[in-house]
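First chain A sits with chain B, and in the next complex the same chain sits with chain C.
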Partner chain A sequence: MIAFRDIFITGLLLGGIFALVSVGLTLQYGVARVLNVAHGEFIMVGAFMTFWLLGSANLNPLLSVAITGPVAFIMGFILHKTLFRRLMDTSPSLDIFEGKSLLASFGLLYVVQNLARIIWGSDVEGYNFLNSTVTAAQIPLNRLVALAFVVVLGGAFYFFLARTRLGKAIRASAQSPTTAELMGVDIRNVLAICFGLGLGLAAIAGSLLSTLFAIQTSIGLGYTVIAMVVVVMGGLGSITGAMIGGIILGLVSSTVTFFHPSLTMIAYYVIFIVLLLARPKGIMGK
Partner chain B sequence: MLEINGLSASYGNVQVLWDVCLRVDEGEFVALVGANGAGKTTLLNAVSGVMKPGSGSVTFMGHRIDGSAPNAIVNLGLSHIPESRQVFTEMSVRENLEMGAYPSRAWKSRRETMKKVFGLFPRLEERAGQLARSLSGGEQQMLALGRGLMSLPKMCMIDEPSNGLAPLIVTEIFEILKSLHKEGITILLVEQNVRQTLAIADRAYVLENGHNALDGACCDLAESEHVRKAYLGH
Partner chain C sequence: MKAIQMTRDKSVTLGLLIVAFLILALLPQFTSGYLVTLLIDILKFAVLTVAWVVFSGPTGYMSLATAAFYGLGFYIAAVFSGTVPFPLLIMLAGASAFVVALGVGALTLRLRGVYFAIFTFALVLLVQNVVLEVERVVTQTRGRFVETVSTEGVYYAILIVFFLTILAAMLIRRSRYGLALQSIGEYEEAAAHSGINVVWTKVLTFATSAVFMGMAGAIIATRRTYIDPYIAFNLNTSFLPVLMAMFGGMGNLVGPVLGAALFTYIGEILLTRFPDLYMLIFGVVLIVSILFMPNGVLGLAQGVWRKMRGGGHAPS
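Right, the complex of A and B next:
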């Protein structure tokens, strides 16, 4: 029983983190049309920034998201305003832009990863954070705290998209950028904001992951793959789908890892394929 | 109010508008008619900034707007209600209307504006919480019109609101256009439904293969040999 509960709590936490990562990728792909293969690199950057802020300024890892998120947001905003905006303006069609931006994001992947390696090296790093267990239970305290944190963050982000003027503009732009423009939305800004939000969510997820697992400058790509699986599973472009898909994959991950860690990646793909056979357009696809 | 001079536009290498001129004065109800593929939608897109015109000028209330971004143009008070409704299907009716009020000057008063829109389209109020996807074609067109009014426009360009709708609903929509015009909104209406359009507009332009073919008062055009043969079927 206790094992089940632990699997469940860890699964929810991982799922929440996957959801943040995948919603971030959805904003970049579904709205800004950039299939950002460098997404996971910003998870790594977030994790290392948190690690570094803890070491140099003794900043609480959970509070560090107040720095890692905004810093990554600004990086994404500037990247879009310079690199991706230029590609968009010089592409005759959206399909050509998608191709070009995919290649550009591969470039970004190598640049970010190598810069990180220069700054932080390629060793496995880690730290202890609230590792005391909760009474009779075996769940380390950090998991519960991080879980509460993810729930609050996810809820706040959902509220932002559902209720605020900018959030609605983002959802409208995801459905039809041209019509959103006709409504008076400054699409150039909204796309850059979406790209920035995507990286911000990735970095926040990275900060949280660093409280749970050891980190290394090479961890990014694995998370990019997970996020892509979740995004397709949820239904391309669907934010709710990305949230649900992330949580499912998190639960699968913690369950399979408990029984047989080396099967985790295989389990992702089995779930992925089964879900797509049952619902070809994804959980929330139409 | 709106003045289009010598406007040309192309998709890639294919030119579809040639030297088109069109004028709408304040308070007028002007129609733009023409066959499928004549370039009517392209013209509206070039005016509202969705598409960059190749050459020529567009002036709205004294501002040069050719080459401006759509959000700047709607801010000036020119609302483009696009072809085939284009409602945000995954958002509720109320959210669609809110999106219409996106320009800052309209956002503040969105609640009052929405009340007025609901007065015009009571059916939208009944369905305010429903996803736009679940509306019928006629209701979606009403939503598109209502959404276009939420930006508090001085002028509306409306692209084929009757397309695909039952005759009874078409009549209802035309009645609403008339009442909008009475309330002081300047209208440029694109339609294929030539007979009903000539009956409610003041003046009309006929576009053929991307060129100005005819224009004049609707009553004169309805009598013209060419219009009767080509567009009224007798």
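Right, the complex of A and C next:
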């Protein structure tokens, strides 16, 4: 029973983080049409920035989110304004743009990962943060804090998309960029904002992950694959789908890890491939 | 008149090909070891790139599965090395890649656009993890050893496979299959309605291109004494041929070969000059070449040529 409770709580926590990461990727693919294989690298960047801020300025890891998120947002915004905007303007069709941006983001993966390796090295790093257990339940405090944080952040982001003017513009652009533009949405800025928000969410997820697990400059690709699985699971471009898919995959992950840790990665791929073949449109896909 | 022109074009191409083959075949007799090693690398990427273009060029389906078939070749070489002669080993690798690609293609080629790219991307990582796990449980090791072959042997093997790849690519391009593939890339439904067996054409071409990837894998595996799943199923092997094809241009078969040669050479220079910054600079080169050369080097050269001759006249 206790095992079941642990699996469930870890699953929810992982699921919440996966959901953040995947909403980020779905904003980039679903709205900005960039299938960013470098997405996970920004999780790593967020994690290392938090680690570095803790070491140099003794900044609380939870507070560092207020720095890592905006920094990654600005990076994403600039990247889209320079690199992907130009690709979009020179590509004759959407298919070609998608292919080219996938390749460009692969180049980006190299650049970010190797810059990080030059700055932070390739050792495994980690620190202790709130890892005392809550006495009655024996659950590490950092997990509960991170879980609460993910819930608040997810809620706030959902509110932003559902209620604010910019959120509405983003959702409209996800449905049809051309129509959104005709309705007066400043599409160029909205796409760049979406790309920036995607990277911002990735970096925030990275900051939270660094409070829980050891980090390394090579962790990015694994999370990119997780985000892709979740995004396909939820339906490309569906934000609600990415949230639900993230939580499902988190629960699957903690269950498989509990019984047979070395099969976790394989479980992700099997789910992914079965899903692609059985229901490529995803849970919320139309 | 036109028919005569075409046969003349054909014989010129064939003649050039034979001359190139002879020069490359005689090269190891005259030059140093380094050039041969570099040429092995270039030919390897040329095989992968041309094989990739055979399927993905006309159809527009971006396959990222190259590393899966190439890595399969690695493992065939590792499992059978020492027990089977080298040429048979290569054929075995080609045949298994064909069979696996037939299965993968039949399962996945109904996925369209970016789904196919994502699927093939994940396939490489899935195979890597499965092999890792199988080795851990069954053999309780991580890697395997491969019996080496002399540098010259490897060179001639990859050279022959390279010319087979080019030959196959030319034949497919000029046959009914090539036209069928082209029309699938342009408008799949229309192709199906005009009587093309769309699924069979796609799957068969996909599997044919995998043969050469598998063969290249088996040959190059003998250059290494030790292989493991991370070396065999490396995502770079999937992405580099795509980039080389784009870098060179996909309009004809010269482009991909040129792209592979230039890109490999640039990579080699970067690796020797800046070993620490190699990957970083490589990433920048990738991004810049995608950004500024939408039609590849060949397209760029043609553009400059056209400008020099004054004005944008279409070729008559």
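Details
What we mean here is this: the second predicted complex is superposed on the first by the 275 of 286 C-alpha atoms of A that agree within 3 Å, B and C clash if a C-alpha of one lies under 4 Å from a C-alpha of the other, contacts with A are read in each partner's own complex, and residues count from 1 in each chain.
Basically, contacts are C-beta pairs under 8 Å (C-beta built on N, C-alpha and C of every residue); 3 or more make two chains touch, one makes a residue touch a chain.
Computed from a predicted model, the values in this text were never measured in an experiment.
Annotation for the three-chain superposition on chain A: chain B and chain C fit side by side. In the superposed model, the angle subtended at the C-alpha centre of chain A by the C-alpha centres of chain B and chain C comes to 90 degrees, rounded to the nearest 10. By the document's definition of touching, of the two partners only chain B reaches A:Ser176; chain C does not.
Of the two partner chains placed by the overlay, only chain C lies in contact with A:Phe106; chain B stays clear of it. Contact with neither chain B nor chain C is seen for A:Ala202 once the two complexes are overlaid on the shared chain. In the superposition on chain A, A:Ala146 makes contact with neither chain B nor chain C. Legend: residue contacts after superposition of the two complexes on their common chain; A:Met265 is shown touching chain C, with no touch to chain B. When the two complexes are overlaid on their common chain A, residue A:Ala192 makes contact with neither chain B nor chain C.
After superposing the two complexes on their shared chain, the closest approach between C-alpha atoms of chain B and chain C is 13 Å. Put simply, chain B touches chain A in their complex at residues 12, 48-50, 69-71, 74-75, 79-80, 82, 86, 88-91, 95, 98-100, 102-103, 106-107, 147, 151.
Within the complex formed with chain B, the residues of chain A that make contact are 92, 165, 168-169, 171-172, 175-176, 178-188.
Across the interface of their complex, chain A is touched by residues 60, 62, 107-108, 111, 113-115, 117-119, 121-123, 125-126, 129-130, 133, 136, 235, 239, 242-243, 246, 276-277, 279-280, 282-287, 290-291, 294 of chain C.
Taken together, the chain A residues at the contact with chain C in this complex read 29, 35, 37, 83, 86-87, 90-91, 95, 98-100, 102-104, 106-111, 113-115, 118, 221, 225, 228-229, 232, 236, 262-263, 265-266, 269-270, 272-273, 276-277, 280.
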